[in-house]
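Structures are listed in the sections that come next.
In what follows, chain A forms one complex with chain B and a second complex with chain C.
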Partner chain A sequence: MNKALNINKGKLLRYAPVAVLAVLMPLFFRNFSYGMLLICFCAIYIIAVSGLDILYGYTGQISFATSAFFGIGGYGSLLLHNHTGLPIIITMLIASVISCVVALILAYPVSKLRFAFLSLATISFNHIIFQLVTRSPGGITGDFNGAFTEHMNIFGLDLKESWKFYYFALVCVVIFVSIKSMIVNSRVGRAFLAIKQNLHAADGMGINVRKYKVYAFGLYGFYAGFAGSMYVHLVGYISPETVAQQQSVIFMIMILMGGVCSNWGPVVGAVAIILLQEILSHAEQYQLLVYGIILLIFILFLPGGIVGETKKLFSRLKWRKKGVINA
Partner chain B sequence: MFLQLLVAALLSGSIYGMIALGYSLIYRTSGIMNLAQGDAICLGGFLGYTFYSILGLPVLVAIPCTLVCTFLIGCMLERVVIRPIFKRNVSTSALILATVAVSYIIQSIELIIWGGAPLHMRSFLKVTNVKILNVVYQTEALLCIGVAVVAMLSLHIFMKKSSFGIAMRAAAMDHAAARSCGINVDLTTRMTWAISISLAGLVGVFIGPLYGVTTTLGTNLSAKGFASAVVGGYGDMYGGILGGATLAMLETFSAGYISSSLKQMVAYIAVLIMLFVKPRGLLNVEAVKD
Partner chain C sequence: MLKVENMTLRFGDLIANDNICMEVPNNKVIALIGPNGAGKTTCFNCISGVYTPNNGDIILDGVSIKGKKPYQIHGMGISRTYQIINLFTEMSVIENVIVGMHDSMKSNFFESMFHTKRHRKEEKEAYERAIELLEFIGLKDKANNAAGSLPYGEQRLLEIIRALASNPSILLLDEPAAGMNSKEKEELDNIIQRIMKRWDLSVLMVEHDMDLVMNISEYIYVLNYGKLLAQGTPEEIQRNPDVIEAYLGGDD
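Our next item is the complex of A and B:
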């Protein structure tokens, strides 16, 4: 108990500068509101990618349907708010729960599939959601034109400006990332890791593989759905492009680039991809090429992602300093 | 109405079947899902457009040229990308993502070379419509169906009768055993990739005049291709063909008789249902493990 507390204190001290920096962030972007908006997007993607990390990084289940759940959260909150007029924060939560439930329903049959067939099933699911959005019954989602809704406010407190939204997003990121870190360090998280390492061994140890896979999917659905609902109330608009298949792959690139199985991986990945998108925004035809090359590089040469490889590098340097030959 | 729908169904069925065939061949030999299959279709279309419409070669020269090019590209893909990835022992999910990366790279190269605007290919035949029994058919569609049937039959004969085809099937069954019988497994694997990619390229050439060639054409078709492979039985040549035909019938007739907005969704719903209920597909293929 004492030891755990000590580690926490040390960690808190280490995080203090980051926290100060995060809180003061809007000051640096006082005259650059577009930059602030990008940081808000980063925060949203961090939440979605954290969810994907639970599923892909910890449980080893591939999913090409992140943008589908993102879209369910986004469109769900939009429709609920526009049609019932409930407060936004409540519709966001309801939409995320819907996304979570959909993920659970999908996961129950899907959890028996692995790798290739899992990816096919999730791709198909993403296509189905995309078709539903673009050819919705009665056109409630605005089909290809997208749909508008109100900007974020919490019970009357207006968060339309991006620096105000930023604080809300920051709180959400901290909550979601700490929940994730709590889950993955618990019994459930160890079960996830066991499933990833060796399915049959996990089964033999008495872990209910299917149950935990379904849990992982549910968490993933909730995270992605919440991120989607944040997105729709930040922008005030959502278009079917958000739900497209390619967007799901971009989420995969984020997690691979940042690094799996860490709290910082999604942060680094989301920031890196947002920066990259900004840099490439004037050369759209090279965007796919860059994504493809980045994917290949990270799969082939840097499988730990930026965070994982940096950690490896540091530990190697540490060993060298101590004079231990590292083979 | 029925006959026209049937021809439309056979047309998409033959296209889906050829794509599914490519998926299955690669799955059997390499054990991975090649999500770049759709982009090979586009590549075929673009190469066909270049040879036929830009360079103005006659049909009977342009199509073999395209086939040879896509064949070589398939060889190169296996040698330059897939084999190094296999050597590094990365996880299966990373392999799938690697094929996505390949697909992106191919797409953007196409975009850079040929541009984003859809290209309209000249028709291969002088006659555009034929009238049989009071029903008008597009000759391009009939040609496409014919080519697909010929390609499938010749592939069947190649796989069953020629010694190299038998070696390919043996290598797909068991790498180690085939190697100990003196089969060059690396070569058969590469040939399988080349054949799959050139099959997709062939599809691309023949649908060029029908749909026009764009870089995004492949995304949709490749999804339909894997859908057919799953429906028929993933990893089996004949399963792919059967699945393609079944799926195309389902799609076309549901669009024709129920609602056209259903058309795009049917395939994906079929995949999910098949994966949940009968992952071995219609032909009960044992390729689906776990």
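Our next item is the complex of A and C:
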């Protein structure tokens, strides 16, 4: 059967052990709340990187502005909550919608660009947002000092402790990853893939290329914005560092390292980078060097990322077992 | 019916298509031939919206399609294949066909996003129809292979069936037999005839293989240096001294 048709029941069953593990996770980290916090960060990054996967992995549009949308979501929710006092979950959604709309507006002109020029355009956009955040009108964002806000709570239910936040984040990850999975296995997702693989043929087959490129940007903006708004209410604080260009590059490394066009790619990529950041936390000056080397290794030798290359390996082993390929 | 009226396309000083007039009546196979560089593919690109002609008009069933984008023209019922194979190589064979159905599917963005009942039904129907189409062209067994892994001749067939998936009223075939061996060419001849029987459409075809052209086309237009050199039935074209000269060179 076509995998695009319906969610395979057997596949859902395969997720069962993962689900059990995910639900029991806080038990393993009972005496290690810092670890729990890191896992919360992973969850947040998984959502942002999933959005980037829709844009880059499926539609083939590169973006170095993920942290800008992350920041729009983060600062947006912070400002909305601090100034209007609306419930956090509402301000998070509004901020994500704002991020989505900004992405749509940005996408309309830049969707004509490809590869290097699209990279440059998104880098410029990231800088614009960074400048806005650090030199905000009336200093509402706290400029270089950053700004504080309340910790996560849902209509009074306090989620300040990381293990509580973790369950909220887990639900969000499941929702966002499922929606991504449904989109990419639909008419829209096929159009995305067609555009990535052969722009001219997609156009010739009746796909409004620009419209779908803009759609992909909108989704990406929403995903990154929501992740940013989660971040700000987990930490209770946001600083311009979050919006910096370097952070956007790290999102890109996450997707390349994890692997594009899969549900697990962003998960693996986010976890790997968070672990790496921890390992290198005492050697901060070497972080960029290590990222650079990793990026090169993946681009040159492992273009499928960890997930893609593992899948390739397994399918090769399977064929070999069947004796189809003896090479 | 497709009508090309006094179509001219210039690239700077070069006139790629000069005042071309053509008609493609319903349910006919029409061929467009000419030496290399005569402007045949350019003419196709004008009809399918890749280029917009500088002068003249292109009319499909009484409506001008000049200046429309390729995806819009595809939606109006003109579907095409490419001289250089233009498949979605990493997608499966069947996905390629379903992409061809894109604008006949109606579910919108949010229906796709949440896999509503209508979307699931539509996907199922598309899948079944794609299998049927692949069976028609003899690629059913390879439905789940990557399109790029097919041999050359089969990739050409896949392009044709992908173009047919949208139920076009005009099918543009740009050198469908290029790179095919004689057996594959025979099969192609057979397939085009079966397509004419099964679908209510016209074929406009650019082709260099004269056996194929003379065998299946009912009317032929000959282009040379961007201009229409001759037109007529296959018999008339074969006897036309201008055409013979253009292909074989003059005496002087």
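The rule we apply is simple: the second predicted complex is superposed on the first by the 318 of 327 C-alpha atoms of A that agree within 3 Å, B and C clash if a C-alpha of one lies under 4 Å from a C-alpha of the other, contacts with A are read in each partner's own complex, and residues count from 1 in each chain.
FYI, contacts are C-beta pairs under 8 Å (C-beta built on N, C-alpha and C of every residue); 3 or more make two chains touch, one makes a residue touch a chain.
Note that the structure is a prediction, hence the values are computed from the model and not measured.
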Partner chain in contact with A:L157 - chain B first, chain C second, else both or neither:
neither
Which chain, chain B or chain C, ends up touching more residues of chain A in the combined arrangement?
B
Of the partners chain B and chain C, which touch A:A191 in the superposed model: first, second, both, neither?
second
Report for A:L24: first if it touches chain B alone, second if chain C alone, otherwise both or neither.
neither
Who does A:R135 touch here: chain B (first), chain C (second), both, or neither?
first
Going by the contact rule set out at the top, does A:L13 touch chain B (first), chain C (second), both, or neither?
neither
Between chain B (first) and chain C (second), which does A:M252 come into contact with in this model arrangement: first, second, both, or neither?
first
Looking at the overlay, what does A:I179 touch: chain B (first), chain C (second), both, or neither?
second
Just to be sure I follow: which residues of chain A are touched by chain B in one complex and then by chain C in the other one?
none
Chain A - residues contacting chain B, complex
56, 60, 62, 109-110, 112-117, 119-121, 123-125, 127-128, 131-132, 135, 199, 245, 249, 252, 256, 285-289, 291-293, 295-296, 299-300, 303
Can you tell me which positions in chain B touch chain A when the two form their complex?
27, 32-33, 35, 81, 84-85, 88, 90-94, 96-98, 100-105, 107-109, 111-112, 116, 219, 223, 226-227, 230, 234, 261, 264-265, 267-269, 271-272, 275-276, 279, 288-290
Per the touch rule, the chain A residues reaching chain C in their complex are 2, 4-6, 179, 182-183, 185-191, 193-194, 197-198, 200-209, 215
Seen from chain C, its contact residues with chain A in the complex are 48, 50, 69-71, 74-75, 79-80, 82, 86-91, 94-95, 98-100, 102-103, 105, 107, 109, 112-115, 119-120, 122-124, 127, 162-163, 166
